[in-house]
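Worksheet: the structure to be examined is printed underneath.
By letter and in written order, the chains are A, B, C, D and E; residue numbering begins at 1 in each of them.
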Amino acid sequence: MLRARKPARGLAALPLVLAVVATILLCLFPAVVSSPYTLHVMILIFLSVVQGESWNVLGGYTGQYSVGHAAYFGMGAYVTIMLLQFKGIAPWYGMWAAVAAAIVLGLVIGSITFRLRGPYFVLASIAVAEIIRLVTLNWKEVTNGAEGILLSGVPPLKIGETVITDWSSKVPFYYAGLALAVLTILVNYAVQHSKLGYYFQAIREDQDAAHSLGIPLARYKNIALAISAFFTAWSGAFYGLYVGFVDPSTVQTVEVSVSIVLICIIGGIGTILGPVVGSLVLVPLAEALRSNLIADGLFALGLDPTSRTGLFLKENLAHAHVLIYGILVVVVILFMPDGVLGYVKAVTRKRATRTEAA
Amino acid sequence: MQKRIASMLAALLVPALAAAAPVKIGIINSMTGPQAPIGESLTNGMKLAEEDLKAKGIDLQLVWEDDTGKPQVGLSAVEKLASRDNVVGIVGAYTSAVTNAVAKKANDYKVPLVNPVASKEEITRQGYKYVFRVSATTEDYAAILLDMANSLGKAASIAILNENTDFGVSGAKSAKAIAEKRGIKVVFEEAYSPGSPDYRSTLSKVKAASPELVFMVSYVADAILLMRQSREIGLSPKAFLGAGAGFSTDKFASEQEISNAVFSSTQWTPSASWPGAKEFGDRYQKRFGKVPPYHAANAYAALMVMADAASKAGGDREKLAANLRAGKWDGIFGEVKFQDFDGYQGQNKHQMLVEQVQAGKFVTVWPQKFANGKAIYPFPGWKK
Amino acid sequence: MSAPILEIKQVYKLFGGLAANSDVSFQMEEGMILGLIGPNGAGKTTLFNCITGYYPPTRGEVLFQGKRLNGLEPDQVCKLGMARTWQKVRPLAKMTVLDNVMVGALCRTGSLKVARDIALEQLHVVKLEHKNGFLAGGLPIGERKKLEVARVLATKPTLLLLDEVMGGLNPAESDEIIQLILDLKKRGLTQMVIEHDMKAIMRISDRIVVLNSGAKLAEGLPQEIVSNKDVITAYLGDALE
Amino acid sequence: MIVFLQSLLSGVLVGGVYALIGIGLTIIFGVMRIINFAHGDLLMVGMYLTFFIFTLLGIDPFLSILVSIPLMFLLGAFLQKVFINRVLNALPQNQILLTIGLGLVMSNTAMLLFTSDYRILTTSYSSGSVSLGGLSISTPLLLSFLITAAITAFLYWFLLKTDIGQAIRATAQDRDAAQLMGINVKRMSVLATGLGAALAGTAGALISPTYYIYPQVGSAFTLKAFVIVVLGGMGSIIGATMGGIIIGVTESLAAVTPFIGSGLKEAVVFLLFLLVLLFRPAGLLGKSRM
Amino acid sequence: MSSLLQIEKLNFSYGDLKVLWDVDLTVNQGEIVTVVGSNGAGKSTTLKNVSRLVRASSGKLVFDGQDLHALESHQVVERGIIQVPEGRRIFSEMTVVENLRMGSFVKSTRPDREKNMERVFTLFPRLAERRDQLGGTMSGGEQQMLAIARGLMGNPRLMLLDEPSLGLSPLFVKNIFDIIKEINRQGVTILLVEQNVLQSLRISHRAYVLETGRVVLTGKGEELLRDDRIKKAYLGA
């Protein structure tokens, strides 16, 4: 029978300690590793973690599988960048407008889509996100349409007259990303350990039962969506400032929505660490495949780059990365339906019972 | 086994040890993703450049990076090239969206970037000191066409139809501005989402507006679709003007039924009178089985320029930048010289050409100096 | 006699043209156990759904402690103090037993600590506390039924509607549930029970309402019902043509 | 007026092919309750098949469906047996993601094999037209519409009149009852997916002469197919037929409507989709299962 | 008399909910055998095990000398066991004729299709009148007729009837039982699950009483009619 969590008291503190240690190590990381490329990959991982954790609140805990989160991501990126570039409003103010806009958008979308269940909800969420993309694309006066917005620069962050950072290096983005990632993880933790989390999960497990236990479904689904939209928009704002360019084809497509869902599915849905695991798998894998690091690695191991296999790998591996990504998705769904984290847990549990039995 | 994995990981993570200082250049291109079809032309062009450079004795080492058409991935590529691979310079990227992000980052790193083909004006108007562009700008695509049209006979009205993408919108914008400046009335203006199988209703609207000139900005496949459907509904203005991209491809030209007498602006054609252009065209055709689009030539030129400047810089990025600023090259792409003018920095004043499809072949018809044929004007109408 | 806690007045529920309930009226007094029986498809669960807000009645009204319930959502009905269980148990499968009950308790409190205390208390009541940390989806059926009862008890109801809590249980488990129902009655909890196990229903009910084809067929004390001719016909078919 | 009529006409003709795409999706959904997110990619495979049959063997695209239909059927059957069959009882989101994954695999395999070049198929009638009282009708579009109509008619006949066809419908309406009739429902699932794939492939073949082919061409059609199917009622074949025509006409007319235009025509389609989801969630035809 | 269907020590659980405990049941060639019992006693589950809609954990299931365990639903049908499921389960978007055609989907029965169609139309003239009506638009009684007729189209040797009188008006109920008798007279062996105890016992040769998944009583139909234990099983008194 499945026995869940609640280990002995002394052990309960272990994850907390590990989390604190990991955070401290990550804080010290830039002092040790100065390679901007490594920092950049870390920042991409943070971004992915934030996206995944944000989606997780709605999709993972509450069980509302939105495939339209590009709408909130795009809203966060666009509003922040538009306010900064066109109105000169500093992003740390503009960001609040962006997340507020995303929440309003979310509530409107929610009022439309939450009446629908199952596949209908999924399709509706895609449709709404597509409408938002098309509006952005065609409302040129405001959004600059397909040409997108190129940011001239991020103004220095000042407290009083002291300049905290002028954003000229990776490091401030690294810390901002890390902070955001930690924050969203904490939000997930807080959600899981509060009335909200109990209610969200109850809705996920059985809407009718939840309803009969005094849970107002519409209100709590909207709360979940609002939290999710808030942080997804925030990740969008972070993305926009970091990359310095937004256009509909990079921040608002169905592809963006799907990739957000995949972070959680690959890692493990409805768990605090799932999106972290998903990000740690997907981002480095995509990087390695994209720049052909795998082929390079094989060559370094002694594979002859001029051999037929070598040539083939060199020529095709970089082209094949989306293919490998697709295969990964199929494999995970077929063989690890609870994600990598769920799979690892199941395997270790099996091992544990085997040792116990022995 | 574990040891092997460990050493493989090490191989992945530790930067390759620098050998006896080859000229190491990074390349960022859309090898996969929606932009890959044209990305491939760039790759091919640069492969030929690589051969030529090696033949010239330059110990060239290229690091290829795929940006998958996404700006943030382009950034990853710059980061990796600049800090991990320690390239001396970068050639890329293809799309304007990625180049926007990449150029800024390269400039921050002070890694000289030569952009082959992205045409968005802003890219070289940001005051970047390390960003250079061989490509003409979007405005040039429209300007040269309207110049030519004007020389053939003053047109009274124009319809502008473009795909709703960065390239399409900025092309249409400059077309409109130039048309208005020259007193050509814009009677129709619309952006369409690329990839729709049916443009007939849009084209019916164009027909109803009866313009003398029809100006279009579209990629390869849509260009063919638009012309096919124009023929179907019998849209027949005085001239069809295509702003580069889809209209200047060999594939388009070979669709004789619909491509005849269509003008298009282009940065390069094998029939241009620049030294080596024809040879490049033949070689490319032989090697890759297709006529090179201008993207390939742009990419070839960009890499040739970059490698030449870099081989004289000895791995020093500052020196490379200085070489790029000071140098002048002549080759299949005509003269390449990076200059500061009209708010641009490091911009090559590239001479655009207008070509016209005549019996399935491109004939350069404008400017006079480069022309190797006479323009058919006005549009002779559709063959039944 | 005290004022009725629940009044059902001429309730109709139509699905398309089909009447799942027609003209059902009865009332319950505080502290009693009312047995609701009837053959398959008699409309018992539909009536539960009409009372607890899952369906609005097509006609008629439901009054709970004098308050009209028509148009209220199930969560509002629960907040008013009426809770129901489900014929087919609906455990929140991927949550632990304790968490399941806490979800119920959170109806009355915002504090997890308070909710945990309430939950532990109710788990004690149904004798399931040893399974606190287990996933609800993994429990055997008997324990899932108990969990369901603990969960609704945690919402602090004044009226409890139990839909076949003994279905699928072995006799020992059924006995436990019967004992539980009687204990709850002793504590003053009013209950309406749908049940197929006649022995059980006769034992616990103060009064019985029989539904047949959506309408009320009979109402009375258990011994009256057993000998009611209409009821026998409804259950066993027409003895004589 | 002429603009309106011209648009209406081409909308109907294009809508015919859309209908074919929708019918394929709706059959798969009807029998297995799985939304196939790889539907557009099946269409893409059909397009490449047509392209190569045309360029290598010189068989006309409209004739080539005789070859591509059975091949596509086998591909669909293979996908069902090897992959989809394993998630029939899984969570809906996992089913969706599996088909998304399969779509990625198909489109990217195509890219590795054929590069991401656009392929254009040019036939003698590619840009031909017939004129009819001031309106011009695209020859290939007209041909494809006629073939679509014939295929749809054949499909209706197959599903309504043959034992196997009725068995597929019976499985869609009540899986258990179908088993009790001696229908092997697993085989019906394979048949349905094969049929769905064959229809998607046929649609691909039929638009090949008027469209272009590249590995990612499918995604736009996948979204469109969803709209069509929801519009007509998921699982309803008549609904999908109507849905296809409605979407074709809506797109076409939206493009010539002031203030909407070509750029927003798709937004109009999605808006229509949402409205239907909200006010007639069972689709315009109500709940009707095949 | 030879036994056509033999069930021995059948045990079955839905997940961890055990619903059948060592059920023994025999149906002889030509009989009508009824299984009665209150809701949740396991009657339907027993039928579903025979038709292989569900699969038992242990026990013997033999039909005409052949073990049923290895067979799938559609293969059982091919051997002549046809279940008319509870709640009719007719194909609502198909016409009466189409529904009947599905009844003879099995290849070996197709040659008899026309003949069987005539036969069921004689048995149920009402269906003949409505041959082109959609199944979903018919009344409950008509649907039940259609469900039985559909079952007959497959040349059943053993027909499993699950609650055929459920939700029907009294007039229809009598009609249905007459028809069951008639079908049996025509040579079809019948295993019937019914809640209408008295009516069903009256037409059956033998009967079993199931209580919470166990056989508690068995005997001839007429005998059981007079047995007080039946009433007790239902009303608990």
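The criterion applied here is as follows: a contact is a pair of C-beta atoms (placed from the backbone, for glycine too) under 8 Å apart; a residue touches a chain by one contact, two chains touch by 3 or more.
Here the structure is a predicted model, which means the values were calculated and not measured.
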Smallest number of contact steps required from chain B to reach chain C: 2
Any chain in contact with chain B as well as chain D: A
Contact-richer chain pair (by C-beta pairs counted) among D-E and A-D: A-D
Most remote chain, CA-based centroid, reference being chain A: E
Far-end chain from chain D, centres as C-alpha averages: C
Rounded Å distance between chain A and chain C, as computed from the means of their C-alpha atoms: 43
Intercentroid distance (Cα basis), chain E paired with chain A, Å: 55
Chain centre separation in whole Å, for chain D relative to chain C (CA means): 49
Approximate Å spacing (C-alpha centroids) for the pair chain C, chain E: 32
Multi-chain contact sites of chain A, meaning residues that touch two or more partners: 134, 137-138, 319, 322
Contacts with 2+ other chains: residues of chain D: 108, 111, 263, 266
Overlap residues in chain B, where contacts from two or more other chains coincide: 32, 34, 164, 191, 193
Chain pairs in mutual contact under the definition given at the outset: A-B, A-C, A-D, B-D, C-E, D-E
Sites on chain D touched by chain B in the complex: 2-3, 6-7, 10-11, 14, 17, 108, 111, 115-118, 120, 122, 126-129, 131, 136, 138, 207, 210-212, 214, 216-217, 220, 248, 251-253, 255-256, 261-263, 265-266
Complex contacts: residues of chain E adjacent to chain D: 51, 53, 72-74, 77-78, 82-85, 89-94, 98, 101-103, 105-106, 110, 150, 154
Chain D-facing residues of chain B, complex: 32, 34, 36-37, 39-40, 164, 190-193, 195-202, 204-205, 207-208, 220-222, 224-225, 227-229, 231-234, 251, 255, 257-258
Contacting residues of chain A [partner chain B, same complex]: 35-41, 44, 134, 137-138, 140, 145-148, 150, 152, 168, 239, 242-245, 247, 249-250, 287-288, 290-294, 296-298, 300-301, 318-319, 321-322
Contact set on chain D toward chain A in their complex: 35, 83, 86-87, 90-94, 96-98, 100-105, 107-109, 111-112, 219, 223, 226-227, 230, 234, 263-264, 266-267, 270-271, 273-274, 277-278, 281
